[in-house]
């Protein structure tokens, strides 16, 4: 797979949350590499409340990682 | 998406818990961007005990992040 | 919602565990605000082993947060 | 409920694991307080592989908490 | 149950991962103590993709604990 | 099983994410050792949105471990 993840640092918590979304999507893409099949599956989970809750959970777990990497955006970063 | 998350700091644990709820909802909103479809799905999970438990779990995971970001509201913050 | 969470500190681990239960219930209450509907749903999960296991998992996640906030009740607290 | 949790410290990792089991059971007991109903439900999950995996997951989450509270049994404790 | 867990330290990450597998199995064994029943259940989950994913998740959670106990095998241990 | 995990350190976050994928796969392989059966099961989860979300969750949990082991790739490593 091409380069897609260089750094876990983001400027703001919202960008960090959006990086967590990307990480969650990549877990699916590595496992199902066909973009066409993923497109077929999309309505299956985007219209199912339990699937959407499960997606939000994966994002929450990845957001924990991104937030820790950014020291919760609390302190100035010297990296 | 518009700006919705500037900071993980809150004044009280309860506000932190409510921010965790917002984070959990955002995970759904980013994945299903149609407000109309989300409105249709709402009764599906709001009347199902297992879905509600799953929602509470996502909130719990996000609350871990928010609580850590606030040093558990234990110490004065100098940020 | 009224104030219900002022502090994550508790005197004992057991009170911390009971606070974790409260946090888990609140995640449901914020999502399904009708007390009547929640009362109807209660037998649905209280008589289902898998639902009860799922509830115990949410409590476990919240207990991680409460335990960390209390430094695992290991050291005297100076807050 | 009577007192059942005074301390998260244990002498050995195995006792810590067994405390994690107790914590996982308590989450069920607080939610379904009838011992009789819990006894009825027991065969339901003790003979279902997915339920047993779910139980093991709750134990794993609680073990994280107990292990952290004991500093992973790595260092002498001065508490 | 006999002694089975004396220490969370391992020499290598792979041994740590294998300890995480043992911890995951023990959660099942404590809950379903009959070796015979567990043998019956084994094909049920070993041939089901979702069960195998769930098993891998329990291992992942236990591996977090073991890895932290070993300081991620990064530094020399003086214990 | 042969040696497959020597170190949790990686040069980049993306390599860390890919190590998290390997860890997630290994949890399945240790539990279902037959490569043939795993090949049969593959289409079962690779075409099911909920399974793919579950896989992404396992990866996310393992990525937390790998990211922590690498200090989130923020600081130079002196190990």
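Letters A, B, C, D, E and F mark the chains as written, and numbering starts fresh at 1 in each.
Definition applied: a residue touches a chain if its C-beta (ideal position, glycine included) is under 8 Å from a C-beta of that chain, and two chains touch if they have at least 3 such contacts.
Keep in mind that this is a model prediction, so the values were computed, not measured.
Annotation: the subunit B:subunit C pair of sequence copies touches via predominantly different residues, less than half of the used numbers being shared. Subunit C and subunit F have Cα centroids separated by 31 Å.
Separating the centre of subunit B from that of subunit F, both taken as means of CA atoms, is a distance of 27 Å.
Mean C-alpha positions place subunit A and subunit B at a centre distance of 15 Å. Residues of subunit B in contact with at least two other chains: 45, 50, 54-55, 57, 61, 64, 68. In terms of inter-chain touching, the protein chains here make up one closed cycle, each touching precisely two others. Beginning with subunit D and heading toward subunit E, the contact ring passes through the chains as D, E, F, A, B, C.
Those residues of subunit A lying in contact with subunit B across their complex are 12-14, 17-18, 21, 45-50, 52-57, 59-61, 63-64, 67-68, 72-75. The touching residues of subunit E, when paired with subunit D in their complex, are 3-9, 23-28, 30-32, 37, 41-42, 44-45, 50-51, 54-55, 57-58, 61-62, 64-65, 68-69, 79.
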